[in-house]
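Dropping the structures in below, format is structure tokens.
Shared between the two complexes below is chain A, which has chain B as its partner in the first and chain C in the second.
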Partner chain A sequence: MFRNPAGVFPLSYRQDMGLVRSRSQLVCLLLFILLLILGPWYFSPRMLAIMNTSMIMAVAVLGLQINLGYAGQVNLGQAAFMGVGAYASGVLANFSGLGFILVIPLAGLASAVFGYLFGVVAARIKGFYLALTTLAAQFVFHFVVINLPSEWAGGAKGLALAPASLFGFQFNSESSLYLLNLAVLVLMTYGGFSIVRGRHGRNLVAVRDEDTAAGIMGVDVVGTKVNAFLIGSFFAGVAGALWAYYLRYISVDQFTLFNSIWMIGMIIVGGMGSITGALIGVVVVRAIQEGITSVAPIVAEAVPSLGGELIFASYNMVLGILIAASLLIEPKGLMHRWNTIKSSYRIWPYPF
Partner chain B sequence: MTLFLTLVINGALQGLLYALVAIGFSVIYRSSKVFNIAQGELVVLGGFLVWLVVTGTALPLYFALPLSLVLAVASGWLIERIFFRRLIGEQVFAMVMMSIALLIFMRGFVLVVFGAHVRSFPAIFPTKPIIVSGVLVMRPLLYGGILTVLIAFGLSYLFNRTRTGLSLTAVAENHRTAMDLGISVRRASQIAWTLGMVLATIGAVVAMNGNSINFLASGIGFIAIPVALLAGLEAITGMLLAGVLIGMAERLTAGYLDPLIGANFASVLPYLLMLLILTFRPSGFFGWKTIERI
Partner chain C sequence: MNRPETAGTLRQVHPTAPILDVKGVNLRFGGVRALSDASMHVGQDEMVAVIGPNGAGKTSLLNSLSGFYRPQDGEITLFGESILGMAPHRIAKAGMVRTFQGIHVLSTLSVIENIMLGCGFNARSTLFESFFYHVLTWREEMALRAKAEEIADFLDLGLVRHQPVGTLGYGLRKRVDLGRALALEPKILLVDEPMAGMNGEEKEDLARFLVDIRELWKIPIVMVEHDMSVVMDLADRIYVLNFGQVLAHGKPAEIQTNQDVIRAYLGGSYRAGGAA
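And now, the complex of A and B:
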């Protein structure tokens, strides 16, 4: 149950439906965004790089959240969708000479078309059968990229890009790319909120909770499932384009099944069915990942028998334990825990 | 003609190996309603258990193999106890997510415990190929194939004809209803995971016999998924047919089409077949059709 802070009473429907409900919330939000915008001036270079990859990942995870958390369509191919976006932007930027302002949405669209194919399958198949068919996305993506003419997509060698530029300004430093990624992330987060709060979002949730019932109530079940895949893969495509402009070198090995599974892990940890939860999941999982990277050399020095390969391995173990623990202890994710805490202090001293 | 026969026979045998792994999916599904995406990782774990016992100790083979199966049973029980015991009665969704967690965890666990380097796997079956009038047949795959057929019919009998098997099937239908009927869902889940782990270990022995083992061997779990879905998850003997089909299709494409187009089309063919068939028959060839009520 969502509760307003004490003393805030909506006086109109418009206010009641608002994303930001009180002046103090608005101030906090603006301050937070300002803090993020000023990031390049106070972040260390390593922190800046971590933030960049996290923000790109966050865009893809937002899409997956809509697809998986809101519409309940398990998708094990989000990394492949992201890869399609990355390759589409690479090919477009190299051959059409369009600016990144156009390339990023076009890459999103290209990925959405790829996602649409799997959405059509989702109309017939449900549950884990569907999850497994989206696995096919991963293998098809790998096959297609490797076998495209190598002057287009670079085949197994990968594809290099020129830096994104706008009116002669080149986005080629960590800090300028940080601002670009942040701008896109804020835009996509806003978009995500708008989608799930509107009519389409309600349809998605209805289909997730019980699709037969939703169909009887007049929701277009097939269309909603297809939409979920379209939206989810559009986000992934945008993330892929950002990734391409960030690294300026893409190859198939950057978009593996394990990346998709990591994204699902982020959603489970953060909380399913919550846009903020997706962002929190990315931050928490990335923080743990970087924490391990920082600690690993110290451990490797103290216990020399453990090699450097252990780092990647222990990421996986820790994330596996994390997902299992959140499924057993807090299946609704950290976001749900936060909401419970929030509503309990707002109505304190009453118990509920 | 010799090439064609070689491709068909070895494709069918390879397919039976896929079917063996796919039966692992089916067994776990038919007794606990969990689709175990991590089956490939279980194969790797089983393989490493055999490797550990056979090469690590000086025990004779007829003693070492049963010992590694006992270890497999123990680890299957442990996986069920840690990951799945508390999910009994939960939604299918939570179980899919948990098997994803298991997949990531096992990948990390195998890497941490056994490392990433390639180990040579002991030859349990003789490796010398059989050559009949120019057609080369892989001996371990042949023995493995015979074993797979026996296992499939044995398990099919267990699940369809015996009292225990039918109660397991009831659990796959619905946890709550099974509990109401007095069936121990907990015991069913334990049986599921120990059986699944034993099958994974046998699969590992057949797949890696005399070759090598490292963590990447888990890929076989992903090739077995199209087989399992093609047959329908509930059909144990159906896996044999689906496996043979996929195995032959894969080998024939690799033999005839791939050299022509110069691409590894055989690697995506099983998944494309799966997509195609599931679009027309969502529950596979022999899977149960479910009627949905609200």
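And now, the complex of A and C:
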């Protein structure tokens, strides 16, 4: 159950429903964001690169969290939705010459249109069958991109992009892209929080918990399921656009089923149905991934009989172990554990 | 609390017309006839009870009214307009709201969020506005919250408002379910076995809330219930269903003395005025 920090007594509904409850929370939040903004000045180049990919991944995982964690609509194709966003931004940037400020939201919308199709399907089927259908998104995406004329999307060769630029400033270094990604991530996190705490968020949860009862409560079940996919794929599309501007070279191999599964793993580790949980999941899983990348070569050198395939093989194993372990130990995710700790110290020393 | 304006104006327009009119409804599942030629009507401010032995079709009737089942033929009109084949959420928005037999509350949401979910049935903020938590969105949210608080006050749920409904006891959950139904500003309320599984005290509380709702909101209530003492005390009129057909209908005293009903449902030992 949610409890306010000691000494905080909301006096209005607005205060009672606010995300930031006290002055000290606000200060902490602003300091944390400031710390992130100053990142390029103290992160090592490798750390900066890790942060960049993590932040892009985080945007897509936020969308998946709303789609899967809040609305309960299984989606095994988030990487494909991200890919649609990446290709849409690539094609838009190359052919229309629009600035990235317009290209990023348009890529989100393009992906949302693709997601809409699956939302309409989700209105009819549930669970296992929906999972299989979204799996198809992955293959449809791959098939379509490879078979489009190569002048459009580059086909199997992939697609190269010019760097994003704003008033002559080129986003072509790790640190400038870091700031761009951070800004978009902060905006999308804010948007995610706003959606889930408003009426749309309540509708999503209603459809997840009891979709027949939700209809009786005046919730448009079909519309809500479609919305879930619209939001999820919009976030994925934005992430895809960031990815395209970050690598400036996109190909279908960057958006595989494997990536989609990793994203679901991040949500399971962080906690279903929590925006903060999604972010925590990304941080934890990415830290483990990078840990493997660092350790595996050392192991491979020490034990040459294991061979060079070690890194990729251990990625698979660790993902499996991680998902199984979090489902066994804390099925509601790290965020749930954190909330339990938080509410227990807030009611200390009278835990009744 | 203010009752919805619409209920008053509709009464002036159609002073005598029944609010809900069900004519010759047939509902079949394969070879099984769940309802055959069932008819009922509900007028202003009436408390109508539907009773019958297990499997008589009471819940099927309620499910047909609320749009879960689509009867093969017959006519269901709400305020003179046919609602046959309408989606459940549209029927709810048209003013016919129901509660459930089991517990169908959203256990992860808090009490106040559950009620706000109902209140939000005609909210208009778009996804785009919500994304930015636009001024309009939060004003709307505050209005929903204020309305939800009124209902929570009415049902004495203020103390548990921030608790997830899943952590509450059975009686309170049923009350949340009722609160959520009230949040939809019903013009007619359908309650499916509200007393099932409750102890005596909880039953009395709930019966009082139903009486209060009727007096304050001036809306008709259709109640499916097994507890005969509740039905006989509260209902103005009773419909008795048996094998999907309306066996009898009338005032509680008439039903208690109706020989068909006694044979079909109340059992041989039941006598007028006695306990069930």
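The rule is simple: the second predicted complex is superposed on the first by the 351 of 352 C-alpha atoms of A that agree within 3 Å, B and C clash if a C-alpha of one lies under 4 Å from a C-alpha of the other, contacts with A are read in each partner's own complex, and residues count from 1 in each chain.
Going forward, a contact is a pair of C-beta atoms (placed from the backbone, for glycine too) under 8 Å apart; a residue touches a chain by one contact, two chains touch by 3 or more.
Everything numeric here is computed off the predicted structure, so don't read it as measured data.
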Combined model on chain A where chain B meets chain C, clash or fit: fit
Partner chain in contact with A:I231 - chain B first, chain C second, else both or neither: second
Contacts of A:G320 with chain B and chain C, given as first, second, both or neither: first
Partner chain(s) touched by A:A206 [first = chain B, second = chain C, both, neither]: second
Contacts of A:G191 with chain B and chain C, given as first, second, both or neither: second
Chain touching more of chain A, residue-wise (chain B, chain C): B
Contacts of A:I216 with chain B and chain C, given as first, second, both or neither: both
Apex chain A: angle to the C-alpha centres of chain B and chain C, given in degrees as a multiple of 10: 80
Touching partner for A:V140 - first (chain B), second (chain C), both, neither: first
Shortest CA-CA distance between chain B and chain C [superposed frame, angstrom]: 7
Shared chain A contacts, counted only where both chain B and chain C touch the same residue: 210, 212-213, 216
Of chain A, residues touching chain C in the complex: 1-2, 13-14, 16-17, 190-191, 193-195, 198-200, 202-203, 205-206, 209-210, 212-221, 227, 230-231, 273
Chain A partner contacts - residues on chain C that touch it in the complex: 66-68, 87-89, 92-93, 97-98, 100, 104-110, 113, 116-118, 120-123, 125, 127, 130-133, 137-138, 140-142, 144-146, 149, 162-164, 167, 180, 184
Footprint of chain A on chain B - complex, ascending: 35, 37, 82-83, 86-87, 90, 92-94, 96-98, 100-109, 111-112, 115-116, 222, 225, 229, 263-265, 267-268, 271-272, 274-275, 278-279, 282-283, 292-294
Partner chain B, residues of chain A touching it in the complex: 72, 74, 120-121, 124-129, 131-133, 135-136, 139-140, 143, 146-147, 210, 212-213, 216, 257-258, 261-262, 264-265, 268, 307, 309-310, 312-321, 323-324, 327-328, 331
